[in-house]
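For reference, the structure is listed below as structure tokens.
Chain IDs A, B, C, D, E and F follow the sequence of writing; residue 1 opens each chain.
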Amino acid sequence: MTSAADGTVAQYQSWEVEEFRALEEPYYVPVSDEVELFRSAWESKVPVLLKGPTGCGKTRFVEYMAYHLNRPTFVERDGEQVIEEESNLPLVTVACHEDLTASDLVGRYLLEGEETVWIDGPLTRAVKAGAICYLDEVVEARKDTTVLIHPLTDHRRILPIEKKSQLLQARDGFLLVISFNPGYQSALKDLKQSTRQRFISIEFDYPPRETEAAIVAHESGVDMDVATNLAKMAEKVRNLREHGLSEGASTRLLIYAGKLMQRGITPRRACQVSVAWALTDDRDVQRSIEEVISSIFE
Amino acid sequence: MTSAADGTVAQYQSWEVEEFRALEEPYYVPVSDEVELFRSAWESKVPVLLKGPTGCGKTRFVEYMAYHLNRPTFVERDGEQVIEEESNLPLVTVACHEDLTASDLVGRYLLEGEETVWIDGPLTRAVKAGAICYLDEVVEARKDTTVLIHPLTDHRRILPIEKKSQLLQARDGFLLVISFNPGYQSALKDLKQSTRQRFISIEFDYPPRETEAAIVAHESGVDMDVATNLAKMAEKVRNLREHGLSEGASTRLLIYAGKLMQRGITPRRACQVSVAWALTDDRDVQRSIEEVISSIFE
Amino acid sequence: MTSAADGTVAQYQSWEVEEFRALEEPYYVPVSDEVELFRSAWESKVPVLLKGPTGCGKTRFVEYMAYHLNRPTFVERDGEQVIEEESNLPLVTVACHEDLTASDLVGRYLLEGEETVWIDGPLTRAVKAGAICYLDEVVEARKDTTVLIHPLTDHRRILPIEKKSQLLQARDGFLLVISFNPGYQSALKDLKQSTRQRFISIEFDYPPRETEAAIVAHESGVDMDVATNLAKMAEKVRNLREHGLSEGASTRLLIYAGKLMQRGITPRRACQVSVAWALTDDRDVQRSIEEVISSIFE
Amino acid sequence: MTSAADGTVAQYQSWEVEEFRALEEPYYVPVSDEVELFRSAWESKVPVLLKGPTGCGKTRFVEYMAYHLNRPTFVERDGEQVIEEESNLPLVTVACHEDLTASDLVGRYLLEGEETVWIDGPLTRAVKAGAICYLDEVVEARKDTTVLIHPLTDHRRILPIEKKSQLLQARDGFLLVISFNPGYQSALKDLKQSTRQRFISIEFDYPPRETEAAIVAHESGVDMDVATNLAKMAEKVRNLREHGLSEGASTRLLIYAGKLMQRGITPRRACQVSVAWALTDDRDVQRSIEEVISSIFE
Amino acid sequence: MTSAADGTVAQYQSWEVEEFRALEEPYYVPVSDEVELFRSAWESKVPVLLKGPTGCGKTRFVEYMAYHLNRPTFVERDGEQVIEEESNLPLVTVACHEDLTASDLVGRYLLEGEETVWIDGPLTRAVKAGAICYLDEVVEARKDTTVLIHPLTDHRRILPIEKKSQLLQARDGFLLVISFNPGYQSALKDLKQSTRQRFISIEFDYPPRETEAAIVAHESGVDMDVATNLAKMAEKVRNLREHGLSEGASTRLLIYAGKLMQRGITPRRACQVSVAWALTDDRDVQRSIEEVISSIFE
Amino acid sequence: MTSAADGTVAQYQSWEVEEFRALEEPYYVPVSDEVELFRSAWESKVPVLLKGPTGCGKTRFVEYMAYHLNRPTFVERDGEQVIEEESNLPLVTVACHEDLTASDLVGRYLLEGEETVWIDGPLTRAVKAGAICYLDEVVEARKDTTVLIHPLTDHRRILPIEKKSQLLQARDGFLLVISFNPGYQSALKDLKQSTRQRFISIEFDYPPRETEAAIVAHESGVDMDVATNLAKMAEKVRNLREHGLSEGASTRLLIYAGKLMQRGITPRRACQVSVAWALTDDRDVQRSIEEVISSIFE
């Protein structure tokens, strides 16, 4: 444990939601033309929907894009507006869930002292700051939430703040990005056509073997040979999906296995707890995965 | 990205709900006599229901009508009421959802300082301002909401504000307009006859090919040839509806495709992410749509 | 648009709920002995249930009765109570819905300044003012509401205000009137026998052709020939009910058609948007209705 | 309309819940030994459950018993407690419904000025006042309510006021009386055995013909011949129950019919609106009832 | 009615929840070694679950044990802690129901004057006072409640007060006792294994005939012959359980019958209203019970 | 009862949630390499999921690990940060249930005096204190809770505090540990793949016989022979699981049996109330268990 040296004074950090920006370039390896598509959409103010399985890199991709999209910052100098610098975009991420209400996104009144004070929610903050607002797993949210974003996705780019009877127009740079996992969707939790047809859609999948090995090596510290074996194993496990596995192993789980190996856990045991036991509770499926593991890490 | 020049001072705009009016004429191409029907209904104080699929232009039509309906504004001069100018109607739009309550529309008490203050909701504001109040996808709202609008639709044009035990008569110019999408309705989410029979109904569909091409060209910047091809493709895709597509491609998606092309994305890729992937997650249906795309953009 | 002359000062009107009375005689044409029955019930303090389909005139009938029932108003003169005038009864109407609670009817505490203040609900106001209280579509309301009205319907005519631990006896003149539409009722939304058996029931239906034509002519301004044709058409449409139409066309829709005709819309088009499209989204049923329309307005 | 003479000053009356007592003897004709059973139970502090159909007189019976049960009132005179008078018992009636919570019965905190003040609910008031507390249709209430009354029904006669962490022992004279209608009960809305077995049960039915006729004559003003005919008719209608009638006609409806006849409505019409239409919406069952009516009132 | 002599001054009594102790020994006749088991569990700090049918004496047993378990009370004298007396344990009883939340047991914040004040709930009071806390019919409570008691049942005996982010360790003497009725349990309302396995279980049934007769005689005042007949009858009625009776007659109902007889009601009538009608609404089952009654009280 | 000597002054203890640490080493006997796996995960900041049946020792294991994981505490001395001591980790445990909301974990605003004050929830406290946060039976919690923990489990280790629009980065030492019991899971209450794939998984089972006997002897005070017999019995009872037993006997129940024996209860009776009756209400299954008991404790 090395980072304890940050000491007792600044033991934990905190940010305002709309101030959060990646300080260094997020590690992301493009697979296709997704970077160009996203940039074109952002320039055209066309909202974006990202589809793909758990842990395939959608969140990292949005962080990467926010870091690389630049926007001039204007300051007033001698009575004139001049560009001071190009800054990357702030990124406001909201993990949606079935109790997420419109108020959670837009804001609410809170009693402070003797007055009720309006507190902007994360979506309102993104609209005002011209940030990218990323609603992760949007179908999980309550329906008032999905309807709320409709006027933000048409030509007016307007957020109605119903509790204040106000309309707010998004600042330049603002882009609405949502994600969902088509593998999960049921009839009950599908994205309504009236919502879908407000976004272009970019589909994601697990990265190809070489890319994935590079990511695993970079993130866990194992060498490329071990990382390639982990990526190979993941491919085979993903092919087990017809045999009772509801979803394939994510890249994140491979990184976990790599990290445990770096701490001295044997490859087979590391893969057992990071992949086989993590993915399923079904003894038979666990055994199939463990056979895959054994075939690679003899 | 051009509009960033609006600078740091007025980085985002906001309006009171009832002050919102289109500053310039909304772009709308009439298809039939819908403009005359709407004007007659407004003049007769007969509420209007707009039916039609997602993205066929209902919202834009209401904006267009609000812009073109004029109402004299009276001011007091030398103790007399004189007409100062003809102004277009304000438009109050509410996107309905299943958590929308009567209070969200009518208003509520809020604690402010040491007193509770009544804040008018958007419907009350429209009633007082003599605005057009457009309740989009009204069947999504909770039942108390649909009952609430009943007394506004009969000869008395009255809004009961139950929390204040008050009745409010609508100002001249006020018109209630609601929309719904018959393709979506289920037994559970149908408009009750006691509500339906308070409105005349105007049915909408996607615009004919030439009209749609003109709209796409105007909104995305592509030339008429490309726009016509996009409209042709949309027609064919809409005919796929029997093959597992729950709804046809909206005009908005065609505009998205056009915008991406303007940024240098190839037509096929632009149509794939704007139409095929946007409409469905089903691989087979996606392939059918992509065949349509290829047949037009070779 | 003629009535805009009411100017900017009194652009909208408002009343306290219990002050609302029709200023002029509501237009109502009796069909049978319903006026005598209602007057007898009111004189005997027997509550009344009105049954009938959407838009057959129940609400107008109650307005008409409230206008015609007289009650002496007493003032104190020289230390004595003398009758000053006979005034008609105030009418308090509540449109019931599935979120309507007992508190919505009886009243609630609100924070005002530093104190919570009790605000009477519409039912309490009607009880105190000796008004007719009309609960429209009462089965829609929550169950606590229907139980609440029980003690008001027995010999004690008492309203329990549970939040204040008080009992309130109704002032003379008070009568409870409820309505429901037997065509709608399901097992879940039926009136409980313990509620039903507290009311006499008057059944309503659409008015006979001549009466209906007179109403349509009076309300829309069309001449009697056109009005009679509209009434004829309505009769035929109502007979289509076995063919997939859940409810017949109300008189109100005929009035809408008449109004549009008065603005220059052709009879067939006016009937299409006011009747065929208003009643149903089913193409086949719409076509049947349109055939009826064509057979009358050639 | 005769009673308007109460004038403008005391136009409506109100009581505190626990002060409500019948001023004159409620009209009740005993059918069996129910009066002795109830008095014995009250003297033994054994809670009572009344079973029976809608409108058979359970509520009136409890009012009658409360009027006839006497309790000494003590006052302090010369430092001693002396009996001043025998007074009848106050009666606190609560109509239960499915939103009735324990707080509605026990009490709640309300903000008043700068402090929250505890307001006793009707059950707490009855416990303190030594009143009869009558919970009408108790199975309708929420489950917390039925559990709440358990400790009041055992040897300790204690009411736990959970919000105040207090236990309250009932004053002498207090008796818990509940009612329910076995004809209504479903599996979901049955009285739990753990609740039932805390009460003795007295079963009620409609009164025999002579008794019912006497009641109808007394309450509506018709003579005994007419009243006997109404009672005869009711007997026959109750026998129709197998033919689709969920519950027989209550005595109350016969009184309504009598009252309308006293105002000049013909017997057949009075019975139609008070009995046939009041009991059911089913045309066939209405016809059967109307045949019964015609056979008696030729 | 004899006890009215308590007069107007102390007409009702109240206690703080944790001060409630039986003043005299509760009447309880042990059936097996339940007293020793309970005492051993209390001494070992092992929580206890009591199983058994309605009205078999579980609540009385807990009152009896609380009365007989002694705990030294320490006072400070001359700077030293000395035992002043042995006192019996306070008993905090909570009747669980499906709306009972964790806050109802643990406590909540209330606004008092200008500050929110924390009010301990009954469980917190029992934990602090070292009382026996008896949760009656615990499966009825909401799930947060059953999880809440988990840390109180392991070696740490800790109550987490989540709203205050505090952990509270139970004072010596505290014991958690819960009850449930296995006859009632459905799949939905079963005690989770993770809860069950935190308690030893003592099973109860109705007392044997002689014991039950002694209890009935003691509590109702009838002589032993009559009491024995009542106990005999109860045995026979309990054997009817296969014939549609969901639960046997509790001892409490026999006591009710005895009390009514003491007031002069005949044995048959007393048993009819206390047993037959109290247990069931089914005419056939009532008749079977009445035959049992007649066979004993000829 | 010996510990009563703690007297009247400090009769119960309380801690702030994040200050709670085991004062002495928790008694835990490792079964496999679970200690090394957990330590590696904690060092790599990889979240951990513990799977296993009720009462198999998961909670005790986490307590043991928290006690043995050390973290330097820094203090400022002469302007420099120096390590003062190695302290073990605080442990924040939350028993999840179906009403547990995100606010319960993160914190909420409370009115205090004239201002609303934010109170950190247990998860926020753990994040700030660098504690182990153990969410027991996490699938029981509401969905917003499981989504909430997602950003804490990726590379950013961030807790979004939505109500304050803040992001909080976890202090060093923080680790998220969750548990669930695969035997319980239903389709409705399964851990979503998008949650599962954020944790390595360690599977637990009941300890082997010798280990379990050692634990029982240590905790209950019985000698190793009796403890071994109890462990043997448990093994046999666990094998009955196919015969209608939903879950095997936990080690805790064996300790209860041992404790009762220490108080003089016979082995058979102690096992009956601690194991047979505790595990099930089914008479047949109870008999099978009792046969197992008799075969060992003759």
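As a convention for this text, contacts are C-beta pairs under 8 Å (C-beta built on N, C-alpha and C of every residue); 3 or more make two chains touch, one makes a residue touch a chain.
Just so it is clear, the structure is predicted and the values come from calculations on it, not from any experiment.
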Notebook entry, point to check: Going by the contact rule set out at the top, which chains touch both subunit D and subunit E?
Noted result: none
Notebook entry, point to check: What is the set of chains touching both subunit B and subunit E?
Noted result: none
Next item on the list: Please decide if copies subunit A and subunit F contact each other with the same set of residue positions, more than half shared, or with different positions, and reply same or different.
Entry: different
Check: Of all chains present, which has the mean Cα position farthest from that of subunit B?
Finding: E
Notebook entry, point to check: Based on CA centres, what chain would you say lies at the far end from subunit F?
Noted result: C
Check: What whole-number Å value describes the gap between the mean CA coordinates of subunit A and subunit C?
Finding: 54
Item checked: Approximate Å spacing (C-alpha centroids) for the pair subunit A, subunit D -> 62
Margin query: Centroid from C-alpha atoms only, then distance subunit A to subunit B, rounded to Å. What do you get?
Written below: 31
Next item on the list: Among the residues of subunit B, pick out those that touch two or more other chains and give their numbers.
Entry: 111, 114
Next item on the list: Name the graph shape formed by the protein chains and their touching pairs; answer line, ring, star, complete or other.
Entry: ring
Checklist line | Chain order around the ring, beginning at subunit A and proceeding next to subunit F | finding: A, F, E, D, C, B
Notebook entry, point to check: Of all residues in subunit F, which touch subunit A in the complex?
Noted result: 33, 36-37, 40-41, 43-44, 46, 49, 51, 71-76, 81, 101-102, 109, 111, 114-116, 127-128, 130, 142-144, 146-148, 150-151, 154-155, 160, 162-163, 165-173, 182, 185, 192-194, 196-203
Checklist line | Contacting residues of subunit C [partner subunit B, same complex] | finding: 1, 3-9, 11-18, 20, 54-55, 59, 93-100, 104, 110-114, 119-122, 125, 137, 140, 181, 184, 219, 246-247, 249-250, 252-253, 256, 259-260, 262-265, 269, 273-274, 277-279, 281
